[in-house]
C-alpha cells in the first residue's frame, strides 16, 4: 500500500483524484490538503507520494516542501517553463529528496498513441493525424496532435524517409490539412465530442490506425495512478508520463 | 432470369461486369460485345438490358441502337454533359424505347453514404466529411466528398440550421479542412488506401458516423447489378443510382 | 415558439430536459411539474406539449390529463405494455385530444442507425452488428443491438436474400457472435465506454459502416426535441421516434 | 545497395517480392531463382540476402546452401516445426554462416498491432479483440487474433491484473465472443473484407484502439523489405518479424 496525499483536494480535478486513489486497492489515501491546510499534515500522515493539481501560484511551494521531506510528487499543475523546471531540478538534487513527475498530459491512451506513433513511423510511407474535439476548443489542431505529428516527423527523418507520396495538384484550400513538419494534421470540431485523436499509417496494401478517445474529464486518472505507483523508481525530475511506461 | 448484354466486354471493367453477371443467379449473360462486334447481336441474343462501360466516342451510338430496339441500358461510361443528356432524353421518349440509367458512381456503399448523410443532416449540430485515397489521386477532396458535403449543406439549409458551432480562433493553415458550403471536408492521402469516405455527425452527447470503404476496383459491380435488376421499372432517363434504391 | 411543460422536472433526466428546452431558440419552457405540483398548472401556463420522464406509477394519470386538455405528450417513461398502449389509444381517440409519442429510445443517432441499417440491408451480402458498452451492463447483447439485427434480418428476408456467406468450419465457441435471426451480433464490454453500436455491411470490394456513439447520459435530449417539435403533426399515438424522422 | 536474390521468383508471391525489391532504392535485385535454376547463380551474382517464398519441400535445401555460402535468408515459406527449426539453428551456427529470419506473418501493420497490444495491455482494465475477414476463411478467430489475445493475456498476468470487469449475467450464446485466456475475441465474416484486426483497450474515461487493415495480398512486402534491410545485424536464427522492429 502506497500512502498518498492529494493537494488541491477540493477542486474539481482534485476530487476526481481523491476518488481514484480511494478506488485503487494498492493505494491508501492519507491526506487531503486544500487552501488553508498545513503541508505538515502530509508528513504527519506518512504520505509517500502526493498528487498536485493546484495552481501555478502554489505548486512551487508545495514541491519545495515535499521534496525536502522526501515525499515524491506527481504534478498535473500547469505553468512550468524552463526556469521553473530548473528550480525543481535543484529541489530534487539531494540524495534524500523526493522525486517529481511533471506531465502536461496524463491521459494514458493519448500518451501511448504518441509513443506508438513514434515507434511505427519509420515503417510506413504515409502518416497523417486527425484530431476531433468539441466545438468550444479555441485552437486547431490540438497541442497533442501537433506534438504527435512532430514525433512522427522526427522518427521519419531519423529513419531517412523523405517526403510523403502525394500527387495532389488540384486542391480546395485546406483540404489536405495543416502541414506540421511534413505531416498532414486535420482538426474536426463536433458537438458531442470530447477529445479524440487518430493516427493513420499506410504502406503497400495495408494501414495501421492508432486511435484514442477521451470520453470524459476523468480520463487523466489512470495516468496519475501510473505516476503514483512508479515515481519512487524514477530518481530526480521526470517531464512527461511516457518515461514511466517502460516502452 | 434477366437477359443481359455487356458492351465493352473485353475491357478491364467490362470483364468484371461479365464475371459479375455470370455469378448472379437471376441474370443470364447473352452477349459480350466489343470493338468490331455488331450491335445486332444484342437483338439476336434477346438481350433485355445492356451494361455499357465503353468510351465517350461510342456510347451515344450504343444508346441510340439499344433504346430504339427497346433494350434498357445501365451506363457507367463518362462524358455526359447537359447536351448529351438531352439527346438521351430524346432517345428514351418513345413509348417502346428502352430506359437508360447513367450514373457517375456505382459503388453502392458510396451512394448510400451520400443518401444517408442527406437524411441525417438536419438532426445534428455538426457535420464534417473525411475522405481517404491512395496518394496518386490528383484532386483533393474527391468529387464524391464534395458532392456529399453539398448534400449535407443543402439539407441543413432546408431544415433552417445555421452555421456550425466552431469557436476556433487560432488555427494552423488548413487544419480545419476545406470549406464546402459551410461543411468542413478533409482529404487524407495514404499509401495502401483505395477509396474511403467518412461522414461524422455530432449532437449533444452523441455522434453518428457513416463510413464507406472501397477495397478494390470491382466495388462498382453490386451497384451495376442493382441497376440491371431495376431498370425496367424506371421509365425514361435516370441520372444517379440513388434513384434506384427506393430510399 | 412552442410552449413546453416538463413532467418529472426535478429528476436527473427531467433536469436535463429542462436545460435542453431552455437552450432551444424555438421552444419556451412554461411549466416544471414534479411530485406535489398540480397538473392544472400546465393548462394555466398554456403548455402545448409536455415531456414526461416520470414513473410507470404516474405516467398514465399524466397522459389522461394532458390528452383530455389537448396537450400533446412526448413520453420516455418506461413500462408500456400492450394493455397500457391500448388505454393510451383510447385517450387520443377524440378529435380534440392531444397526441402522444412513446419511444423506448430517444438517442437519435441510435434510432437513425437502426433505420439506415434496415434501408441498406438488402444491398449487401453480409451484415453484422457490434455493440460496446460499459462493463456494468447486465445483458448482452443490448436490446438496441438485437432490435437492429432483427430489422436487418427482416429487410434481407423481404428482399429475398438467403443466409450470409460463411465458410467457417472450425471455430472457438462464441467467436462468431450471437445469432439473431441469422445476423451475427457481438457484444464488447469495456471500462470507459458508454453506449456504442456499429453495423457493418459488406458487398463485393466494399463495406458500409454505420456507427453510433453515445458519450453521456444526455444523448436523449436532441431526440426529445425532435419529438416536441413534430408531435402536433402526428395524430393519435405514435410508438417509436423513427416515425418522426421523415425518412 | 543490398544485393538481393529471390527464390520462387516466378510464383505469385515471388513475383510480388521481385517487384517490391525493384522498387526499393536501396536494394538491387541480382538473381531470380525458380524451379530448374541453379542456386550457384546466387553466389555468382553476389547476392547478400535471399527472400524465400517457396515450398516446404525445397526451403531446407535452399537454406542449407545459402547459410553455407554466407548468404542471409528472409523466409516466408511455411511448415517449420521444432525439428526443422533445430536443423536451421545448426545451419546458422558457424561463424561465417548466413543469418535466417523465419516469420509466419510479414504484414508489418499486423505485427506492430500485436506488439503495441502487448505493451499497452498492462495500463487498461479492459481489452478485447475483433478480427474481420472475407467469408471464405475456414477458422474463427484467425490465428493472428488468437496470438494477439494471448500476448495481451500474458502481459496482463505479468502486471498482476486480474479478470476483466464484466457484469453480464444474461447473454445470448456467443454474444460475448470467444474466451482466449480471459480476453474476448470476436470474429466478423464479411464479403469484400480482406484481413483486418482491431484491439480495443478501455480505462476510466477513455479507450485506445489499435487497428490493422490488409487491403490486398501484397501487404507482406513492406515487412519482407524490413527483414532484408536488417538481417545482417541479427546473428543466427530469428523467428518472428517483431524482433527486427527495434521496439
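We call the chains A, B, C and D, going by the order they appear; numbering starts again at 1 in every chain.
Everything below uses one rule, namely that contacts are C-beta pairs under 8 Å (C-beta built on N, C-alpha and C of every residue); 3 or more make two chains touch, one makes a residue touch a chain.
All values reported here derive from a predicted model rather than from experimental measurement.
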Remotest chain, chain D as reference, centres from CA atoms: C
Centre distance in Å when chain B and chain D are each reduced to the mean of their C-alpha atoms: 38
Geometric centre distance via CA averages, chain D-chain A, whole Å: 32
Multi-partner residues of chain C (at least 2 other chains): 124, 192-193, 201, 203-207, 215-216, 219
Category of the chain touch graph - line, ring, star, complete, other: complete
Contact footprint of chain D on chain A as seen in their complex: 20, 107-110, 112-113, 116, 119-120, 123-124, 201, 203-222, 226, 245, 247
In the complex with chain B, residue positions of chain A that touch it: 124-126, 128, 130, 132, 135-141, 146, 164-180, 184-193, 200-207
Touch list for chain B against partner chain D, complex: 192-194, 215-216, 219
